[in-house]
Every structure is written in C-alpha cells, then in structure tokens.
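Letters A, B, C and D mark the chains as written, and numbering starts fresh at 1 in each.
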Amino acid sequence: MHDPPNYWYNIVPDLPRPLPPPRDPEDDYIFSRIEILPKLFPSELLDQEFTAERYVQIPAEVLDSYRRIGRPTPLARAVRLERFLDTPAKIYFKREDLSPAGSHKVNTALAQAYYAKKENIQMLTTETSAGQWGSALAYACAMFNIKCLVFMTRSSYLQKPYRKTLMKLYGAEVLPSPSDCTDVGRNLLKERPEHPGSLGIAISEAVETCMKNEGVKYAIGSVMNFVLLHQTVIGLETMKQLEEIGEKPDIMVGCVGGGSNFAGFIFPFVGKRLRDGEFKDTRFIGVESKASPKMTEGKYVYEHGDTAGYLPMLKMYTVGRNYVPPPIHAAGLRYHAVAPTLSLLIREGLIETAAYTQEEVLDAARTFARVEGIIPAPETSHAIKQVIIEAQQCRRRNLQKTIVFCFSGHGLLDLSIFEEHTE
Amino acid sequence: MHDPPNYWYNIVPDLPRPLPPPRDPEDDYIFSRIEILPKLFPSELLDQEFTAERYVQIPAEVLDSYRRIGRPTPLARAVRLERFLDTPAKIYFKREDLSPAGSHKVNTALAQAYYAKKENIQMLTTETSAGQWGSALAYACAMFNIKCLVFMTRSSYLQKPYRKTLMKLYGAEVLPSPSDCTDVGRNLLKERPEHPGSLGIAISEAVETCMKNEGVKYAIGSVMNFVLLHQTVIGLETMKQLEEIGEKPDIMVGCVGGGSNFAGFIFPFVGKRLRDGEFKDTRFIGVESKASPKMTEGKYVYEHGDTAGYLPMLKMYTVGRNYVPPPIHAAGLRYHAVAPTLSLLIREGLIETAAYTQEEVLDAARTFARVEGIIPAPETSHAIKQVIIEAQQCRRRNLQKTIVFCFSGHGLLDLSIFEEHTE
Amino acid sequence: MHDFLPGTSKERVLMVYLTAGDPCVNGNIINILSESGVDAFEFGIPMAKPKYDGLVIKASYRRALENGATLEKIFQFMRDLNLDHKIIFTYFDYAKNIGIEKFMSYVQNAGAEGVLFPDLLIDYLDELDKYIEICKQCSLEPIFFITSSFPHNLIIKLARLKPAFIYLGLMASTGTLLPITISRNIRIIRGLIGDTPLLVGFAISKPSQIMDCVRAGADGVIIGSAIIRLISQEERGSAFRENLRNYIISLKRALEA
Amino acid sequence: MHDFLPGTSKERVLMVYLTAGDPCVNGNIINILSESGVDAFEFGIPMAKPKYDGLVIKASYRRALENGATLEKIFQFMRDLNLDHKIIFTYFDYAKNIGIEKFMSYVQNAGAEGVLFPDLLIDYLDELDKYIEICKQCSLEPIFFITSSFPHNLIIKLARLKPAFIYLGLMASTGTLLPITISRNIRIIRGLIGDTPLLVGFAISKPSQIMDCVRAGADGVIIGSAIIRLISQEERGSAFRENLRNYIISLKRALEA
C-alpha cells in the first residue's frame, strides 16, 4: 500500500438503526447548544457531522498532509510478543504512533485545521490535559499556518512541561487554565489564584474565546461524528494492508476514550459486516479504563458531549459529565462518554467492551515495551492488555486467531509513569 | 523501495589512500590496547573492522530487525521548509528518527547485539551520557534477548530521568557512574560519594566490567569502522530512494559526533565518486558543534578512540581526548574526534566541514520544528542549520540545487532544551 | 394527500407548520396562508419538553401552554378549520402516554390525514409495524420522519411501505440553520426512495433554499419557525398581513420555479 | 628474491622475522632456523618508538637497544651472516631521519635484498616513486607492505610495479592475534594482484594458520613474534633447540602441504 485512501468512511448510513440526533436540553428555552455550533466549528465539519454520504472525499491538501505524517502508517506484526506469549495467535498492530505529534489524534487535527484555513478562520482553540490532543492540534495548525490557542489545565501545565514545550515549538499559544484571558478564567482566579483547573474549565475558556472572537473556532479531539469520520483512515488502511498479506482479522482491539481511534480503526470493518456480512465472525473489542467505565458500567442516555456542557447532548454511554474519574496516567481515557455511533453499536451488541485498572495496564505496557521495543501511550496500553489476554486465550485453546489492534500513540512523553513504577 | 539493502558498504577499499591502522601508544611496552580488543568486542565485529571486502552481507536476522524498526526509513521532502525559506532548492531528509529508540544509533546497536548473541555473549555493556546511544543499545539487546548494562554519567542519570526510564523499560540495567560495581567506580565514590561522573569514567567502568567478566562485551556507538559500516544502510537506502524519484544530490549534509551517521549517509555516494566519478560535483558537508570543533580546528593525529584511553589510537581529526567541551545539549557531538575514514576523507579535501554554536543551532531547530512539525535532536539540528544556510544561498543565487540531509534523531526526549529558551 | 402528491406528477407542496394552541395562530392567519398558496398544514401539539425543537418552536409551545392549550381544545380547533390538508406533528413518547390507539383516533376525528412522529423510528423503531397497523385502522396515511443520519437500508425499507410522504428533517433541530449541504443530503435520500413523495423541512426560510431543495429532488418543503417568527410579532396590522402574504408568495414561487 | 619466488612456480616461502641486535638472536639460532627450513630472514632495526609493533617485538627492540645495538653494529651483523635471503624491516620515518639514500646504501652493503617500510604507503604515499627509484639505484628489490585496509586501486597499482613481493600484514600490529578472517582478506588481495608474490604475516604462529593462508592464495608466510617468544626463553639447552627445530619443521610442513 503506497498511498492513503482518498476518502473517509461514514458509518452512519450503515448503522443498524437511526442515530439519535443531537439535542438541546429539553427544558432550556433560552440557550440552544445546537444553534451555537456554527460559532464553534468550521462549516464543512458541521456538514460532515450530518452528511448522508457513505464516503467523504479527503481533500487533496489533507491527503498531502497525511502523506507528510507518514500515511499509510505501517501495519506491523508483533512476532516477538507472539513468541513471548507462546501463542499460536498472530498479532498485528497499526502504528499510529509514528506521526510527529505521536498519536492518531493528528488525523482529525489536520482535517479540522484544513477546513478552518479554507474558511479563513484565523485561529483554532481547544483544551488539553495530558497534551496529546493539544500537540496534535498545534502540529496541524502549524501545517496549515493558522494560529492555535490551547488552554491546558494548570496542573498539567506545571506537571507536563514537555507537552507544553512541544505545542509552543509548533507555534501554539499555551495558556494554563484557568487563565486571565477569559471571564470564566478571571473569575476563578480571583477566588483562587493558583486554581489547578479542570478539563471543564479549559473547555469553557476555549468556547468563550470562540464566542467572543470572530475568526476563532473550536477544535475537538473525539466524540463528534466528523472526528470519527476522519479517523477511519486508520481502518481503511488496515483493511487494505490485511488484504495485501491475505489476513482476515478475527479480533480487533482498540482503547476507548471518546472512541475516535477505536471507531476509526474498526468502522470500515463493521460497515462491511453491516452491508454485506463480511467480517461477521470478527470480534470488535473496545477497552476502557476502570477509572471511567462508561461502556461497562455507564448508562446509554443523552448527555453533553463535553464536560462543560456547551455542546449539544448526544445519546451515548456515559458515566455522566459531572463524574470525576480518579487521576490516571491515561488522561485520554478519562472522558465521560463514548461517541454516539460507537455507543449505538455497543447497544446493538456488535461491539464488546472491557475495562482494566491502571496497574493491569501498566504491566501490559511494560511487557510490550520490553518485548517489542516500542513504548505505548498509557491509553494504548489498555488495548495491549486486552490483546495479551486474547492471545493467552488462544494459547490455552490452541487457536490460530488473527488479532489486530490499534497502536494509537507512543508514550515517549509519558515515560514518567513508568519511572514511578520501574524502580 | 520496499526492503532495506542486504549488504553494508565498506568504504575502506575505495579510499584515496591507505587507512592508517590502529596503533598502540609507541612508548607503552606493557599494555596493548590492540591486544585487548578481542576481550572487548565480538569477533565478527573485529573481523568487519579489518575486512578487505567492499560489500558486507547483512545477516538475515539483522535485516529482520531492520525491517522491524521501519527500514527502509522514509526519505521525506521538506516542502514547507523550502517554501518558508523561499528557496528554489529542493530539500530532502532521511528519517532516522522514526526507529523506536529515536535515532540512527540503533542501526549499529542491532548489528552489535546480533553478533554478540551469535557468539553466545551474555551481556553487552556501554556508557552513555545524554542517553541516545544507551537507549539504542538497550533496545537492540531487548530485541536479541541479551542483557544490557549501561553506565550513565551520574549527572545525566539525575537530570535525564526519561532516558534512564526508557533503557530500563527495555530491560537494561542502568547504573549511575561512578558506580560501586567496579574498582574504578568504588575508588572515585570513596573520595566523593556524589561524584557527577564523566564519559571517560563511564567507559572505564564498562571496560573494566568486560575485562573482569567472561561473557560480557563492550558496545560502541561511533568511530569504529564497523559502526560506520553498519550505518551505511542509511546512505544505501537514500541512494536508491533518490534514484527512484530521479534526483541527484548536489549537497549532502549530516551532523558529526564521532561521524557515524554522516559517514553512513554519504559513504555510498563518496564511494561511487571514488570508484567511477559519479557524484563528483556533489558537496558533502559534515557539521560539528563549536563546542568540540575537531574537524574545523582539531589536528589530524593519532588519538585514542575513547576518552578513557582504553581503545587503540586511531588517526583522526581530534581536539584531544582530554579536551573538556563546554556542556551542550547536543551531547552526542561532544565527542573529541572523528572516525578515521571520515578524517582521511576530510584531509583529502573530499568533505567540507562547518561548526556552529548552540544558539545558532537551536534557532534552526526551532524553525524546523515549527515549519516541518518534526522535532529534531539537538545533534541533528546542526545539520539543519547548515541546510538552511545552503538553501538561503540557493535563493540568493537562484540555484535549484537538491539538498539532502540525514535527520539522525528526534528530540522528543530533549524537549527541555527548548523549554529553557522558549519562554 | 395522494390527490396532490401523486408521486409521478410534478406538483409541489408548500406545507406550513404551526403550533396548535399558540395564541399567534388563528383562523385569520391560516386564511392568509391558505390564500397565499400554502398547500397543507402541520399542527404541532404543544408540550413542556420537546425533544428536537429549536428555540422558536419551543417558545411557541410555551405560549400555547401558557394560553391554556389542552389536547381537547387543540383537536377541536383543528376540526373547526376548513382545510384540505392537515397533519399532526407530535412525539411518539407523548402519544404513548395517552395511548397510541386513542391518540390516533383523536387525529382521525380532527380530520387530519396523518400524524408525524419525529421520534418514532429513532426511539421506537420496534413499534413501526404497530404504527402502520393503527394508521390503517384509523384510515390515516403513514408518514415517516427521517434525518440525514438514518440508515440507508431503513430509508429504502420505509419507501417500500408507501407512506403518504417521507419527511426529511434537514437540520438537527427545528428552526436551527446549520451549514449542512442540504442539496447533497436530499439527492442521496431521493436516490434511495425512488418516487416516494419527499418533503423536507427544518430551518427553511428563504426562497433560495427552497429552490435548492427542489432542484435536489424534494417534492415539497415545510416551513415552521420562519412563519412562527413572523406571526409572533407584536405588530399585526395590514402591513404585517401584506408581508406575510408576499412572503408566502415568494416561497411558493421558488417552489414552482 | 625472484629466484625462489618466480610467481608461477608453486614454491612457497617461510620467512622469519628477527630483531637485529636482540641478544636472543645469534648465529647459532639463525643456523638452527636455516637448517630446519626457513627460506629467508627479515631483520628489524630496533627503535624506541615502533609504530605498528606488538608487545613481543617491542620487548625485543628494547632488549636490543639495552644491549647497545647501533645501526652500524646491526648492519655489520647482517653482513656477517651467511644467508641466501635476507631483507630489512624498518620504518620509513626512521630511514628518512638518516637519509633514505644513505640508509638504502647501508642495506645494499649489508647484502640484504630489499627493505620493507611498513609505513611507506600509509604515511609517505607521495614518496613511493622515490622509493622505487632508489631501490633501482641500489639494486634492491622493491617490497610493499600493505594491510587489508588498503585501497584496492592502490594494491592493483603496486602489483603492476612488479615488486619482489607484497607483504600483507594480516593483523593490526605484529604478534597480536585478532579474530580476523584472514583467508577472506588474502583471497581478496590475491584477486587484485594477479601472480605477484604475496607473503603474509603478523600473529602467525600455528601450522593451521599457515595452511589457511596458503589455501587462500599466499605464497609464503612470515613468522615473527612466535619465534621471538620461543628464543627469548631463559632455558636454551638442547631441548630448546630441538623444540625450535621441530617447530620450524611443522611450519614448513604446513606451508608445503
């Protein structure tokens, strides 16, 4: 495979039942989150959010930028892990860690920056905690020459200086949140000058900045249909790469924060299954953190897409946006809900779910690093944990399954988490 | 290009004059560094050090491990940098940063670990300061299932915890040097329990460990012929990749510590020039740090290959092994001398040299990061500085040159250097 | 409804949505609309917690409720209207509370031709057969509400059920214009449903939008919030009536262009 | 030297290196060696700072110097030896200090057939022509020292100059065995030089090594440190002489196998 696909795949037209639309809170007669969407997002993204098209063309400029980050990314085989686990299973992994910003997040960041640029938007703003999303967006904005403003929770800003430095290197402005650049921020700082911040506050600051400034839009790292759409480049490539080596996946695994990497990875396969029964024996397994167990313990209800409540409500598996997960290394999995399409498929029984604790996951990460030599992001390590379990199962039952997982990002800027535990 | 080459290229038979052999100090009648080489290095490496062969076959297992780290690595074009500099020049860069350990060093580390394993050696040991070499070796040892012991200067051990963590994740034992595991270390610690260490001390500890323990050998990250030999995989791939896109390099640039990445990058081209006049107008430019200006200000004399003086003397451009360069971020360029073959070619006028200060280089790094979105290692940034200068020259003279440089490693674990300066 | 939407013919429909019980809505207004070219009316039943409605219609609901609207009064009002074509719009949730059969018989009694449940297929897909069954029992025409996010297979299946028409909600909620390429979505849906009548609505207010919709394959449009915004103005003199008339004429003209 | 190394013939040469002036080296020893089968001798000139010599030969130099060796005494000693074939080994550096022409005439006077400068081509490549010129003037045979790290082009060129032989230093310094695949290196060099006589040396001590060298294409070997190690033993009785004799015979046998 030499070139990335030239379209993204939209699963919505292939879902087994209609996707519940976004909603405003029924009892809010004053403020409509749906109405402000055009203030927040570039038009073409909103168009993609609601398109009836099954295949959405990838603009040439985005395709170029995909090539620049190394797309198609390699589909590698973890032969050494197979041997280590002494399993008859074959294990493949799709390497989303090789992009400059280090994770799959850049697949949507580039698209969002491109459309923003095309619509003459001067600046994109967003929130970040651990920094994967912030760095991806900062990178993408640098590539499309638009400004980037990242509100980073003050606690991360102080504890994760490298991510901040990376974003700044990419030319982004990075503000510790709460900041004194928004009303929300100023008010909180008045009460408590060293306020540690929260993702909700950071989102509020980003949204306020959009609302008050013409030419500033908000960028989002997961959950929205268009984000998942962009991420399908992962699965489309994987499908082609598996075909090329004559493999059929028996088990596909990914970690789930908002669900974008997992969905992007499996949707092209799920879509084929829904359309023409191919991959009907393939198991799709989404893995979350026990710290935010929305899929395994959450409810399937309408909830705001963001913790701050500025976005419309979507029907999702959620632990509730006010749930405060314990601090875990895999900050990207602390998200309170799962993207609507993925939620619907879970509800319909097409997707399996699993949840693990931080300790279980770190062990898996350590094994993978040692055996395969690649350091997984803490989020990615959740997928690895599941893969190891499945491979061990295959050993016990002597099954020669083909397991494929999404290696969503590297952990080179999260090495400290191993440090605390390595000694 | 789908597969890495299956041989390495040895430039020695093509040099314009005989390579001065390694030597012992003339006045040392007691201890021969040449005699202890077999105690230090696996046999096949020493054989490669002195082979008359032009092409050395890459063993299948090493080739496999090369594939696993993503070889052939991409040859990318820095279109955005070209545009930013408004230059008619075309700029290509060979991406050695994409390997798990983050630099070209892994090309030789894998070969050294493979031969060690083949000869039933139980453990490889080495020294590291900034940690690029240590991580590459730790990775390689993990891949070939042999033990790895890294003596890391105590100052780096304390200041660069991430590199240490990475090595440990790969299963290496990492000791702050001076350590209490060697006589050298114990004696120094007795005098000064918090001794910050030095590369020389770390080497001494590693060598002592080899000398005292059957089954332990020493691994080296640059300078030796066999190291440069392994690195030619870079240049061989580059040559093929340039051919595939119909490009001829006018200028080839690399940074120079001991010279291994630069040599590995250019030798296949220089060799063709020496053999049949191809690439006779190509300029080859090695870039060093002004902090250790061996090529631009050093002498071409016999000097020990290591700062500790345990290795034989080689004829090299050197600032003297006792020269203490000021601390710079590009620790990999603090090395006191340039590999013998490269030195000879510099002496013969086939290779140009340049030296820059840390400040100049950091600016170039910042530009590259911002414009291309990839964070260069501080070492690599030296090459970038030169590339920018050449491209600017092309703009002034309106020359459509093809500039190709070796992107030897990423700076994701060195981000702190930008931090100090970004604010 | 088949009489004016025979599928094959190119006659096009201008439907207006109004909230029954909203004090802004009265016979006078309905007459103006009818006379100016409105082909059919869709009456919404006011409720406290509407799922997919925008702020304009929400306000209209609130006015209706504050005005003391009850289901009985609403159906009475509709029965009294002398209109060729009218349908009811409400949530299946709501009808279920009353009892679907009971609710549908009210609809029938009010002389409406059908009832559109926007949430039927989204939240109660399993009750589709029941809905069709009851429609048949009550001599009501099935009508289906879909969005651009509906599965294509389901849309094809709905068309096979020969509804009076399919109502495509163009936006995420009523009256809320989003930058969605409606012509593309209509074209795709049209490709799935053959010549099943297709009416489209949500946030249509301008003649140019109507032209886009028709060009893309819609057989008609439904205007809601735009009309409600107009008729809920304080000033309701002759200038107002003239404006309203001209507005409808301009829409109608766009529809038939 | 051409008489016993005519290139085409398969006669093979066993040459021994000895340091002139080393008290361990005397007529007695040389007789034993000659009688046991040594075909030719290479005499090193002791110096304080030898560039490419290993510890055994360094020690031998030191013994010679401590024993009061001077250039004059050394050349006298060599002149006195009744040997068919002998050459001188020393550094070009050293000869330059004396004056190349002068040094070469000493060599000629000592009855040696040639002089091997191991550093000539490495450190004084530009003086190659001069060396050949002076050899001619002094009726000495040119001999070239090369290593496996020599440029192939240069090696080809050297062969074209028809030297008495080419001396390939197999290791990085004399007497220091490294794990180098000598057969491969010899084979490559042989491929470059056609039938130019090729002698190989440095750290050869065992018959099996000699067999490898010969099989790979060497016309002869030079044994240095191994002999010096033997003759520098304290014990020099009849057992010693017998050992030495047997050792040489075993080498010779390997050479001719």
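Note that in this section a residue touches a chain if its C-beta (ideal position, glycine included) is under 8 Å from a C-beta of that chain, and two chains touch if they have at least 3 such contacts.
Given the structure is predicted, the values throughout are model-derived calculations rather than measurements.
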Exercise for the section: In contact with subunit A and with subunit B at once: which chains are those? Just list them. Expected result: none
Practice task
Report the inter-chain centroid distance for subunit B and subunit C in whole angstrom, where each centroid is the mean of the CA atoms.
Solution key: 73
Practice task
Determine the centre-to-centre distance between subunit B and subunit D, using the mean Cα coordinates as centres, and give it in whole Å.
Solution key: 38
Problem - For subunit C, residues contacting two or more additional chains - result: none
Completion exercise
Where subunit B touches two or more other chains at once, the residues are none
Practice task
Select the category (line, ring, star, complete, other) that matches the graph of chains linked by touching.
Solution key: line
Problem - Listing of all chain pairs that touch each other, if any do - result: A-B, A-C, B-D
Practice task
Would you tell me which residues of subunit A are touching subunit C in their complex?
Solution key: 12-24, 26-27, 29-30, 32, 34-35, 37-38, 43-44, 46-47, 50-54, 225, 312
Problem - subunit A-facing residues of subunit C, complex - result: 48-52, 54-55, 58-59, 62, 121-123, 125, 146-154, 169, 171-173, 176-181, 184-185, 188-189
Handout entry: Residue ranges of subunit B in contact with subunit A within the complex
Key = 68-70, 74, 76, 80, 98, 100-102, 139, 142-143, 161-162, 164-166, 168-171, 366, 369-371, 373-375, 412-413, 415-416, 418-419, 422
